[in-house]
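Following are the structures in question.
Below, chain A partners chain B and then partners chain C, in two separate complexes.
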Partner chain A sequence: MAAPLQSALLPEQIANAFGLSGVLGEIVGGLIGAFLIANIMLAMTAIAGPWAKRKITAAFTDRIAVNRIGPFGILVIIPDAVRLLSKELIVPEGVDRPSWDLAPIVLPASALLGFAVIPMGNLGPINFHLADPEAGLAIVFAFASIASVSLIMAGYSSNNKYSLMGGLRAVAQNIAYEIPLIITALSVVIFAGTLQMSEIVAAQTDALVTIAGISIPAWYAFVNPFAFVLFLVANMAEIGRNPFDIPEAPTEIVAGYQTEYSSVYFVLFYLGEFIHIFLGGAIMAVVFLGGAAAPISALSFVPGFVWFVIKMWAFFLFTQWCRSALPRVRIDQLIEIGWKGMLVLSFANLVLTAVIVGVLL
Partner chain B sequence: MSWIAIGALALIGVGIPIAMMVVSALLRPSVPEQGKSATYESGEIPTGTARSFKFNIQYYMVALLFVVFDIETVLVFPWAVIYNDAVSTVGLTRALGPMLLFIGILVIGLVWAWRNGAVEWIKSPRATRRKTQKQDA
Partner chain C sequence: MSLEEQLPETVAEGQSADELAELLGDLVIDRDDHVNAPGFVIRPDTVQDALRRLRDDAGFDHLSCVTAQEYEDRYESIYHLKKYNDPTQEANVIVPADKEHPVSQSAEPVFRTADWHEREAYDLIGIDYEEHPDLRRILLPDTWQGHPLSMDYDQDQPQIVSLREHANPLQEDQRSDSDSDTMFLNIGPHHPATHGVLHVKATLDGEQVADVESDIGYLHRCEEQMCQTKTYRHQIMPYPDRWDYISAGLLNEWAYARAAEDLNDIEVPEYAQIIRTMGAELCRMAAHFLALGTFALDVYGDFTAIFMYAVRDREEVQNILEDLTGQRLMFNYFRLGGVVWDLPEPREEFFEMTRDYLDRLPEHLEEYHDLVTGNEILQMRTIDTGILPPEVAKSYGATGPVARGSGIDYDLRRDDPYGYYDELDWDVIVKDGCDNYSRLLVRMLEVEQSAKIVEQCIDLLEDWPEDERNIQSNVPRTLRPDDDKEIYRAVEGAKGELGIYMRADGTEKPARFKIRSPCFSNLQTLPEMSNGEFVPDMIAALGSLDIVLGEVDR
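Right after this comes the complex of A and B.
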């Protein structure tokens, strides 16, 4: 329905700007577009990791944190990046070499790959959307779950008992919450009737109710708030943040699968985790929060890309809030919440949604 | 067409970590020392290898359960996509009924697994025994 309004995807726009067409234009546009998207995510991670995380945690615990270099200490990013990259790489005894080296590549790559199908909205004429396949939602979940492979690779190959524990916990957690996550997302697909990301966003543009002249959009978070809460919880577990951070629980198993990693390998794990948080936020924004749309139409003069970044950062802020506020669950509690609670609730939500949609529509 | 763009992002996604590794390899020092490369075990000298480490069988049980439910999720995908159209063309009973039956069978399976303790985190008898001994002492 919104097809004529949609502008061309990013690779096509770049190809047109260079006057290229056909497969060559597609390849050049794809590469430049992918480079652009990847660097946006790297920049966001660079702000989130060394600076925002410290500042947010400090604000929660009534401290100041970094404040020496630049305004609010934001330029601490540069010395931190240099410091982390120039650390010595210590290779522990008996590591399983190819696997140990590949794991830090797989984690950030899988998280970045998820952003291929995320519609990040417009900034002026530029449409930050790399690809829009019909199976978009299935693809993004598939890419995001490659991360488990990286974690078990790191855990097993490190030749460290804590690492192996962490890897096992990570996989047990990811598979326990993967099913509620996808089933809950599917309850939204019932409304939208498509897996294509741009169509899911387009299906949320209508007004749900209008109160005093301000119309509330039909975002699926408002249409189906129960699914939204379930998805939020499953998403937190999927990206391994508090209260579900047992794969790297520092007080129990040191740092889990990261224990034996130093230097740039550690940076890559850290990077991958942050991109994963943003990917989790991006999926939530697309599926439940209207993608790049403004919350009220009066604010739609702000570019969609800005809204999308705000929504991703809101999710990041939420994870940091939980980190400061919630205690960690135990492994037995985690499995019970996942298999006995979340799974049953997500199926109940799916059936209930199907019945309501079937009866009312 | 969109697969070219996804493939491009895959290339970039692998390329960025490798580029960072190369930059780091140029910058970082290498000072091999004895004892530095021992695996971390809270400061103690590591005992045995991690490869012979015994872990809870429950990790295997939940993984088995996952396989069943993951395949089931894949089968729900196409149903969820066409459900809205199907209700208007073939009616509610024929669109919803089979899926309810399908989910019902899986729920029975989950109840069975639940009752048999597959989703219960069972501690090893040895760990339980140790705990009781400690309490006795």
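Right after this comes the complex of A and C.
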């Protein structure tokens, strides 16, 4: 009984738990499942945004940060939420209304949609995986790319020059880095022979080498470290964090596309950015870090979902580390790195991988 | 140091005053020597001719300051000239202008720095500079009525500006000129990159800067006018702390102390000079740390760790200064003839605390070099951006780390020694990269040199015999320098050459008090550095200038 439950997707499990079947079961299961996953993501963002980010930045800069409310100040989330929600929503004169209002909704929505196809592992009998289409990897990139639309909507409709510059920078940056990002991911697809997320994860379960009884799994980060580094850099640019935070570039263009946003709209942007970071971490985990698998088999008693969350947070921590330690590059340098460096390298990686896979395997 | 003794000294190695007079020939209509330098009175329509001769034939390549003032019977502009390779050689060109129609030829074609200096003179005094390319108000709003430092200015006159004149100041940039392919952008006065209330009017061509113009005056607090209403002996000293308020207070106080002491022939005991030197260098370290931190903010973004690290180090310096002076920012520690009190008791504790810090400093600096100057992305961003060639820098009167980052070997602590600097072992840091990186590097290396100076001062102070700890010389309760005695003296502030011009009128208050702010001159170079560069480089260039608006606007 346990084995089939493991492989069943979350909506199916929910439908079974309610004793529903057919179309009704799919709809109810899908809705509840999506609600559950979205809320897990929002909760993680709530911890990451107001609390973890402050604590991490403080640790990098020799400070203490929030420590008054709750253990380690974690309940600062509540007053922060009250503060942000009770602020006045300022709508500047001359904004392009429908798109100005839509932009802060599109950004978090696109990132949340991406999680639909991410296999996040098991927690007890529950399998955190909403859908497993055959073109999973393509779908997740497609969803993630919608974010750029939100940024240019915000930048253009704000009727502010700083916003406009931020929006234009965001588009230039995303185009320059999404192509290397996807091309690099393609090299993994060549290895795995599939776009389906669960299959990509499954292809990474074998042992690569075994040293002194500890087997290192065949995660693609170990199989092709070059692709992993390329993907990591492109991902940093994709989510717009240092050294590639030029769409926002505080101290240059104030806050870029989000300059004119306040109150709830600002919260939505903030939320969207953090979910985007987590989505970036989730894609990294699935494509390069064995999905929900434990790094060594001795640790596989820890539920897969926990490992997956740890991997996402590791990426989040990495972005915060870069933020504290790295300068940002200039827009022309960024474009140059993207088109002249990353694109060429990612194609080289793709061709090499194809040759190696075709000849050797 | 009376007038007669001073003169032969200042022109000892260069041309004598008479040689200069000969060079200027029939341009000179009179002589009006100041305490610091010979003064040549010329006609108001020969300014460019006289300055060009002095620059090209006598080597006076540094127009340090332009002072304007009004007398009962005339207006007067004084051009304080120096040489970059020997600032002890000075010359003043004095240009009287008609009382009814004060018109004088502009020096801008000869020295670019005269642009802003003459605009300020026009703004505050009301002298009209002919041939000036852009004679507008600079510190006060365009709508201001009258010239505040002129004699007939009515201070009680209400400055009522009609709503029409103040109607949306941003309106102009909202115009949609369909032929134009550039964008006008207001950066500041409230913007994260301007470190204060600076307004940069930028014209952008895409991401590139086509033109920038700094709009200053938002923090103008009438410092010169206030000093003119205060007595030399005690009342002026608190004000310098408020010019460059980024912890450079003692350096500013020294500028006033040096000028006032030379004006009144006051000697300062050696012991007090050592304390002054130590305090000033501590201030310089604190100021440079903050410059480093804010530059990191500009290039790294607002979550950078470097800013906090720099503030942490500055905090330790600040604690030492607090122990020494009793204050953290507005020290008011110097007095004419010395300092206000001796080192804090117990002295051993103070020495230990300072030594402790100096011992830890190399490690911290190593960390900064790892994080900042050694970072390849930072090098990519700052090397060969914000170029300021030495010739341009000289023409704009750039001084301090900005000049030294452009390869100009100019430091008043060594070239025009005061205090105890010439007895100590330290180096002037010069880098010839002329870019943002060089200016950053100069500041970081200067911190090391300052630490070296402080260390030597600590050693000297520790061994100083107890009965010879004389912190102040005898200075009369009231100082009344002779009528019409004039002096211009500068010290090396944290940002560059900080000069004070004072004219005595026989009373206990200066008749004219003029501040030569290094930031004011340095900020003028911003268009030279940033035109044609990308927006981020313009921001970095602005950060590398390390301006403090309190000193720019005074």
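Just so it is clear, the second predicted complex is superposed on the first by the 355 of 361 C-alpha atoms of A that agree within 3 Å, B and C clash if a C-alpha of one lies under 4 Å from a C-alpha of the other, contacts with A are read in each partner's own complex, and residues count from 1 in each chain.
In this section, contacts are C-beta pairs under 8 Å (C-beta built on N, C-alpha and C of every residue); 3 or more make two chains touch, one makes a residue touch a chain.
Predicted, not measured: the structure shown is a model, and the values here were computed from it.
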Requested in this report: Using the superposition on chain A described above, determine whether A:327 touches chain B (first), chain C (second), both, or neither.
Outcome: second
**Report entry** Partner chain in contact with A:350 - chain B first, chain C second, else both or neither
**Finding:** first
Report task. Mind working out whether A:60 is in touch with chain B, chain C, both or neither, as first, second, both or neither? Result -> second
Requested in this report: Mind telling me which of the two, chain B or chain C, contacts the most residues of chain A?
Outcome: B
Requested in this report: Applying the touch criterion given at the start, work out whether A:165 contacts chain B, chain C, both or neither, answering first, second, both or neither.
Outcome: both
Query raised in the report: Should A:245 be classified as contacting the first partner (chain B), the second (chain C), both, or neither?
Result: second
Query raised in the report: Which of the two partners, first being chain B and second being chain C, lies in contact with A:254: first, second, both, or neither?
Result: both
Report summary line: Shared chain A footprint, chain B vs chain C, residue numbers 161-162, 165, 254, 331-332
Query - Touching residues on chain C, where the partner in the complex is chain A - result: 183, 185, 191-193, 207, 296-305, 307-309, 312, 371, 375, 377-378, 380-381, 534-537, 539
**Report entry** For the chain B and chain A complex, residues of the former touching the latter
**Finding:** 1-14, 16-18, 20-21, 23-25, 27-31, 36-42, 46, 49-51, 53, 55, 58-59, 62-63, 65-66, 69-70, 73, 76-77, 80-85, 87-88, 92, 95-96, 99-100, 103, 106-107, 110, 114, 119-121
Query raised in the report: Tell me, which parts of chain A touch chain B in their complex?
Result: 9-11, 23, 26-27, 29-31, 33-35, 37-38, 42, 82, 85-94, 104-105, 108-110, 112-113, 115-117, 130-133, 138-139, 158-165, 168, 171-172, 175-176, 178-179, 182-183, 186-187, 189-191, 193-195, 254, 259-260, 263-265, 267-268, 271, 331-332, 335-336, 339-340, 343-344, 347, 350-351, 354-355, 357-359, 361
Query raised in the report: Can you list the chain A residues touching chain C in their complex?
Result: 57, 60-63, 161-162, 165, 242-243, 245-246, 249-254, 320, 323-333
